Amino acid sequence: MLATRTLKELAEYLGGEVKGDENIAVNGLAPLESAGPDKITFLANPKYAAKVAETGAACVLMSPGAERHGRNAIEVANPYLAFAKLLTLFYTRPHPPLGVLPEANIGTMVALGEDISVYPGACIGNNVSIGDRTVVHSGAVIYEGAAIGDDCVIHANAVVRERCRLGNRCIIQPGAVIGSDGFGYAPDGRAYYRIPQIGIVVLEDDVEIGANCCIDRAALEVTLIRRGTKLDNLVQIAHNCQIGEDCMIVSQVGISGSTKIGDHVTLAGQVGVAGHLSIGDNVLVGAQSGVPGSLPANAAYSGSPTMPHKEWLRAMAVVPRLPELKKSISSLEKRIAELEAKLIET
Amino acid sequence: MLATRTLKELAEYLGGEVKGDENIAVNGLAPLESAGPDKITFLANPKYAAKVAETGAACVLMSPGAERHGRNAIEVANPYLAFAKLLTLFYTRPHPPLGVLPEANIGTMVALGEDISVYPGACIGNNVSIGDRTVVHSGAVIYEGAAIGDDCVIHANAVVRERCRLGNRCIIQPGAVIGSDGFGYAPDGRAYYRIPQIGIVVLEDDVEIGANCCIDRAALEVTLIRRGTKLDNLVQIAHNCQIGEDCMIVSQVGISGSTKIGDHVTLAGQVGVAGHLSIGDNVLVGAQSGVPGSLPANAAYSGSPTMPHKEWLRAMAVVPRLPELKKSISSLEKRIAELEAKLIET
Amino acid sequence: MLATRTLKELAEYLGGEVKGDENIAVNGLAPLESAGPDKITFLANPKYAAKVAETGAACVLMSPGAERHGRNAIEVANPYLAFAKLLTLFYTRPHPPLGVLPEANIGTMVALGEDISVYPGACIGNNVSIGDRTVVHSGAVIYEGAAIGDDCVIHANAVVRERCRLGNRCIIQPGAVIGSDGFGYAPDGRAYYRIPQIGIVVLEDDVEIGANCCIDRAALEVTLIRRGTKLDNLVQIAHNCQIGEDCMIVSQVGISGSTKIGDHVTLAGQVGVAGHLSIGDNVLVGAQSGVPGSLPANAAYSGSPTMPHKEWLRAMAVVPRLPELKKSISSLEKRIAELEAKLIET
């Protein structure tokens, strides 16, 4: 049974205002098209405004002043955010603390916080510290000397290698690797001599790492991901990188060694970034782009190699017409040669 | 010792016809070049037809009417498929049921089928169901409430998260993650608010998932991969995607959220597909392409951004000649200016 | 406490020559900018030569004849290599042999070398052999019949599947998969029939595999990676590939089936290589390139599809100017039409 809440309660929770009957109660969320009379729905994209008239929902989350077609509504500044907050309210529960289950493997000198859960098959090395309410799922491996903050979730088969440090409320999806050795070798004739990677990885608070991501430890110092940054799945962060706050790094992006990324940067899917670069704050890089040099802040870029996004759009529009342009040039050359011949005659 | 089979037996098994001595026996398969007299080989590509005359094999699988150079042959409609079927016949054995080995971790209320094998270190959560003859390898983790069908193989360190459902005969290669959280956040000022991902992943029958793939659970409902579709390694499927039947998704492909892929689609290696698109049946997308918009059925596309494949081939042929074309244009401009000057004179 | 060494000792170790006071002792390494008087630093890139005058380090590793600004120096032929060797000397210790820890899972008929370490939660199947001094971390899974050489490190949650073979001094980062099934299917009408992948993977000595890489087993014979080759994270090597000696395969590269790569090849990040190709020795392929055909040795290539690297640089310089070139062509067409009209008049 889902708990029910009145629109009045929800409006107070969200800091919004009820339009209509504030005593109606709902027990969950559903999309505009499929919501029934016990559900609340939301209108975030004005494109779908007409659907409000037809929804079966008890209430619609909407921006102040949007047309509510006689429906009950809660007006909020950011309906999409309000939707996310109600999803959390209705559907998520704190993980019940299970303690250390008997089949988990715990090393020596381990500092365990309160109300933690460590599942069977999880392996926690010597001298590790785990914060309060943190959950370590089955098969996750925390190497010696690592430190994990409060309220973290380390999913199944994720790995945190020696001495790496995670802040509070970090979420590590299954299979992600934090602190693998950086890819550093010194040429020794034709062979390569391994450079010891003696640094660590630090993830600040609220960093989330997608499934099967790889974050390499620094050669000497720290590979750093700052507060609030989110990585999608299968992302590669090479050694010595510094990623700023509140960045969105979409799936399959690769960032080469020692590159610094500013705050609030978005790298779309499959982007590649070369090493030793500096990417400014608020930069947006389009999907599959290849970034060969540093990028100034507050702008959008695309292409491989990258150029300003609008320039790229215009250039790409020409690409399918290249054969035609080549033909035009040949034709022009012929016509000019004819003109030149005529003018010589005259 | 490999079992031996006569050509007569094999022809019956394959629904083919023996040309030559049907009583000869073979004990396995080998390539045309290296097969000995106890082996059967195959001719699938007419390019290699001349090698039939020189093979040391006892028999050649070939299309009806192909020249057999006096060799024994089994004529079958699809020699490559027949080769695959004989490989299966000669070299694969059903996994002997081992039961639940003592070092496996099994939760409460788990429904285990008959003749299963659960290896040491596998972790099966509460309320999971596992079908008959399914094999769960070491280190695989099945979260609470997941359901796995009959005859599945879950390889080492693969993860199936809570409530996800797999059909029958699914094969999950090592390290693959089924049901990681979708990458969904609502902007809250400059920071991002996590949107709970309360949906699941459903894999229908005969779906195979490559090593270290990531299939995200839906935000609200289902990320769906339909019957018979195969994923190569390191593929990313974002939340809410629907992939049709009998698709081939090659390594390192990434498909963004809520995109629908038709039946019998092939996405070659490293393709990226944007979100909320629709890709028609039988579409083929060339390697490294970037798909920014929906693609009509029954056609081949390439490029980033994509265009019809043949158009792309022609455009790419021009790219290396761009500097030369630019020069031609400059030269034309100069010649025209000269002509114009002359005409004014005259 | 770090051990200290005199410059004399270090010069002997490196085969270099001290310039200045050979009796000074240091206890570690640091960058030019931040090194204190108990540290040694290095000058590998002449671009930073001026920093030697200002470094606080006790000594600088440098090329013979470089300006030492009155500092103590050790002259060596390859300062970067010397730096790597001293990092190893000062900061790495052989792994203390722990034996098989009680919570590790060891099958039957397993041949274990001397001075090994097998961590809790590691799973070693039947008939596996593990060489001397090899370390198998928690959650690593070695399937039946695999063979691992001496002095290897198999990190947490890595997987080595049945019958695969690793040489000596191989390092497998966390989550890497050696021997997953190759992606091989025979079309059977619209559906796909699985081709059993009965081959193996062989990694020769000194091969290193990055986190979450996937190396597929061969269909029939061997997927081979030769001595000294290093793979960065998230690399895909398909079935039947052969990779030569001392190659550098950077993160997120994908190599399709049956391709042969020569010795000392570098594939930069996110490169894709089609199947059944041959890449010559000493080839360098630029980041994000797509290789559709075989590449001759001793050259650099870039682009998707690839072309000689310098040709690609020139072509890419034109891409942002395509809209302008298109306009120029239109303008030329108009001007020529006018000229043609005039000439007809005259």
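In order of appearance the chains are A, B and C, and numbering begins at 1 in each one.
The working rule: a residue touches a chain if its C-beta (ideal position, glycine included) is under 8 Å from a C-beta of that chain, and two chains touch if they have at least 3 such contacts.
Given the structure is predicted, the values throughout are model-derived calculations rather than measurements.
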For this session: Could you label the subunit A-subunit C interface same or different, taking same to mean over half of its residue numbers are used by both chains?
Result: different
Exercise. How far, in degrees, do you have to turn subunit B to put its CA atoms on top of subunit C, rounded to the nearest 5?
Worked result: 120
Problem set entry | Separation of mean Cα positions, subunit C and subunit A [Å, integer] | 26
Exercise. Residues of subunit B that touch two or more other chains: which are they?
Worked result: 121, 139, 157, 175, 212, 234, 252, 270, 288, 304, 319, 321-322, 325, 329, 332, 336, 339, 343, 346
For this session: Would you pull the subunit A residues touching subunit B in the complex into a rising list?
Result: 29-31, 78, 80-81, 83-85, 87-88, 91-92, 103, 119-121, 137-139, 155-157, 171, 173-175, 206, 208, 210-212, 228, 230, 232-234, 245-246, 248, 250-252, 263-264, 269-270, 287-288, 304, 316, 319-323, 325-326, 329, 332-333, 336, 339-340, 343, 346
Problem set entry | subunit A - residues contacting subunit C, complex | 105, 121, 123, 125, 139, 141, 143, 157, 159, 161, 175, 177, 180-181, 183-188, 190-196, 198, 212, 214, 216, 220, 234, 236, 238, 252, 254, 256, 270, 272, 274, 288, 290, 292, 303-305, 307, 311-312, 314-315, 317-319, 321-322, 325, 328-329, 332, 335-336, 339, 342-343, 346
